[in-house]
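By written order: A, B and C. Residues from 1 in each chain.
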Amino acid sequence: MASVQVSEAEKVYIMHGVRDDLRVDGRGCEDYRHMVIETDVVSNTDGSAKVSLGHSDILVGVKAEIGKPRALVPDEGYLEFFVDCSANATPEFEGRGGEELGIDLSNTLYKVFNNKHSIDLRSLCICPGEHCWVLYVDVLLLQCDGNLFDAISIAIKAALFNTRIPKVHISEDAEGGKEIELSDDPYDCVRLNVENVPCIVTLCKVGQRHVVDATLQEKACSVASLLLAVTHKGMVTCVRKMGGGSLDPESISEMTETGKRVGKALHAPLMDLLKKEEGLGKNRQKVGFLR
Amino acid sequence: MKDTPLSNCERQFLLKAVEEKKRVDGRQTYDYRNIKITFGTEYGCCIVDLGKTRILAQVSCELVPPKDSRPTEGILFFNLELSPMASPAFELGRQSELLVKLNRQLERCLRNSKCIDTESLCVISGEKVWQIRVDVHVLNHDGNLMDAASIAAIAALSHFRRPEVAIQGRDITVFTPEERDPIPLSIYHMPICVSFAFFQQGTYLLVDPCEREERVMDGLLVIAMNKHREICSIQSSGGIMLLKEQVLRCSKIASVKVSEITELINKALDNDKRARKEGGKFGFAESMPKERITALKKDEAPVEMTDVQDTANEIISRTEAQPDIVKVPSPVVPAPGTGQVGEGLLNTWGLEEEEDEEEEQHEKEEMSTGEVMVLSDSEEDDVVILNPDANKPKRLEGGSKKGVEAPKKQKTSH
Amino acid sequence: MAGVELLSDQGYRLDGRKASELRKVQARMGVFAQADGSAYIEQGNTKALAVVYGPHEVRGSRSRTMHDRAVINCQYSMATFSTAERKRRPHGDRKSSEMSLHLKQTFEAAVLTQLYPRSQIDIYVKILQSDGGNYSACVNAATLALVDAGIPMRDYVCACTAGFVEDTPLADLCHAEESGGGTTLALALLPRSRHIALVQMDARLHQDHLDMLMEAAAEACRGLSKVLDGVVRQHLQEVSVLTRD
């Protein structure tokens, strides 16, 4: 991540503020920054979403392709993640500089989504053992301003909600081979059920308390953070501790409670917003980057 | 290894020469260097010499499954490598800007222009097609790699013969060259790149820059054309600003050059075909200049020998007596184990008084005819003698005087 | 690839434009707050994003520092979801490297690098959606980003593609027209001085048609420069209104 240099005095100031539940920009410890979400920004893809969380900008595109299912689970499709830390965010990501961070992020995403509760992978199957849908989820990092995981997970949820997979008709060929036909009608498509897709909440330990949605300065003051993937029912699907510092068990349970609460509260407004956006239909003016 | 940098004086010299429309190797602004094209013993192998730049191209083929997006077309694959033997600046394995540029230009010139009929390379649609691979190696870098590489590639492709195949249902039989003659590729046209180097913000241009000129140029414009006056690709590189009229003028020059070069390639192909048909020797070994004596042949020419002796005597008496120009001093052995011949040249590091003295001597000599006076006893060189002897110094003096005399004589004879 | 008629009898192209009509251009400057300069441009369905960092100290190898001018460093990359078929690698392949070199060369000619000795200017361009005219969209976006960053240039650098079908030159090609097998000429022009910073052409074209094609491309570039100029002035107006006391 792009790092900032924070002086000792600044660190003390931030920590004292967090202790009194007052952060530098006036938020409380459990408040998110202003978030802007828009779907269907890239027309070449099957589903896309753009999320701006403070100054962080993430663009996610989902492409669905037909492939061979995995040998162990022949009646399920699968997801492939690829995170591209582009040089737009910081010059250090030029060339191969952003590869490390990108691999780290995509591995975490695999862990979060690697269970049968998040997405119904069976619905991605076409012909057991032969054909299935492979969803390539490509994440593009345009600006880095702390708290990448949260923004990425929200963007992925929105993009998957927006994904339209064409319906498939299987017909028998003359020689016994199966022929797959994709319907040409752009409206005849399958939508994914994203109710159970988790959202990631990152909690950073600053001083004695923990904060949600840390900015880069607050990140520089914390030594350890906890990553929680929470579904809309409050179930935790993945926990990961990051950072070089240590957390004692009490803080972990505190942070988990906070995370569950915050994560649960995140889903409902998000789904409302997505449904409302879709309800605007074709007449919606696509803004994208043209604010 | 890093490239040796160009000094400022060299740079200024080259730029000044360009302004006066002169080139360092004596060419005119629109002249190409000597192009020599030779083919190897195998089909599809070609070496092109453009002045001192030398490039080798080799074509090979393989049966592979086709690309999914184009199941009825063959595949053309180009690969250019900068071998470290070409220039100390080229390192193996490093992908430099030049490599990317040359590779992309070669691909665009030959693949996008559709000079080869890829549909004829299809054997079984969707399953097996021919993949033609062109490997280009740069053997010596003396400027203008692009032109030479394109000539080498297209000549090698024209020279190449692929094995014939027979299809029976789903089975493919590939015939070896002994069973059935291989067939040439179907080439529609021959695109050839012509490079123009620009100097002084586009005021001066040169065709076929050599390596030195490439170092001082502002930018390069490469135009690929064929002899039917069709432009196959244009690419400008380097930070130059061009005007539309300049580009049009360059394209006209390029069309002239391309027709010349295409004729040269065709001639080389014809020669090679003829040599193979007649059973004569062909290949690289034949094209290298013979510097070894593989056979000695003596030619005997009859000479009249009747009055050779008289003619010889007559000739000798007629010639004047050669004057004694330089008396080579006889070797002197000052001590066992050391030898000395002469004293060497006159020491010009002498002090001013000595110089004046010598000048005086010179004048005096000019006045007196033929009389050689020895005025100075200046000892020029220190001669170290291992076994000093009473007799030796005298001889040395004499020797030294001799040494002094000789150059003086030379002075007067001048 | 025959079969697709690029120019109908009435003179309309695949997307309904006339031969010399440009696609709809929408642009925005100052998209990102963290970079020194940024811009976003949409030319029809092609979307490009450009970000400028600099001038700053030369990063990495000090040996690249030039004592009398700035080093310009460009990187061109495409988002993996930008093309119809998913791209495996966003950058690093030969085509992207070549594009980066071309961008570098274009801007070395246009930016007044003598004013910033011993420094480096980074230009990063990303294609979000590719529908023909990638290089031209990149150049136009980068020009706006450089203006946003406040780096002095000789003139706007405008780029446009042109094609040739049935003796008529077409301006601003889309992807279907580019891959239709006809000629494609990409031109980067400085409109006021009529200097060409980069010219690139693929596929066969008879020498006599070159003049017409280049003229069509130059005309399209001049039209684009007016649009870019309008965008810059509007942005300036907005910014000055916002920062007014």
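In this section, a residue touches a chain if its C-beta (ideal position, glycine included) is under 8 Å from a C-beta of that chain, and two chains touch if they have at least 3 such contacts.
Note that the structure is predicted; figures quoted are calculated from it, not measured.
Asker: Classify the chain contact graph as line, ring, star, complete or other.
Answerer: If you draw each chain as a dot and join those that touch, you get an open line.
Asker: Taking each chain's centre as the mean of its CA atoms, which one is farthest from the centre of chain C?
Answerer: Ranked by distance of C-alpha centres from chain C, the top chain is B.
Asker: Using mean CA coordinates as chain centres, what's the gap between chain B and chain C in Å?
Answerer: 41
Asker: How far is the middle of chain A from the middle of chain C, if each middle is the mean of its Cα atoms, in Å?
Answerer: Chain centroid spacing, chain A to chain C, equals 32 Å.
Asker: Measuring centre to centre with CA averages, how many angstrom lie between chain A and chain B?
Answerer: Roughly 62 Å, centre to centre.
Asker: Can you list the residues of chain C that touch 2 or more other chains?
Answerer: In chain C, no residue touches at least two other chains, as defined above.
Asker: Mind listing the chain B positions that touch chain C in their complex?
Answerer: Interface residues on the chain B side: 95, 97, 100-101, 103-104, 108, 112-114, 219, 221, 225-226, 228-244, 247-248, 251-252, 255.
Asker: Looking at the complex, which residues from chain C come into contact with chain A?
Answerer: Those in contact with chain A are residues 26, 28, 31-35, 38, 40, 42, 45, 47, 49, 51, 53, 59, 73, 75, 77, 79-84, 86, 90-92, 122, 124, 126, 128-131.
Asker: State the interface residues of chain A toward chain C in the complex, per the touch definition above.
Answerer: Going by the criterion above, the answer is residues 2, 42-45, 48, 55, 57, 59, 61-63, 65, 82, 84, 86-91, 94-96, 136, 138, 140, 142-145, 288-291.
Asker: Report the residues of chain C in contact with chain B in the complex, numbered from low to high.
Answerer: Spelled out, the residues of chain C in touch with chain B are 94-95, 97-98, 101-102, 105, 108-109, 185, 190, 193-208, 210-211, 214-215, 218.
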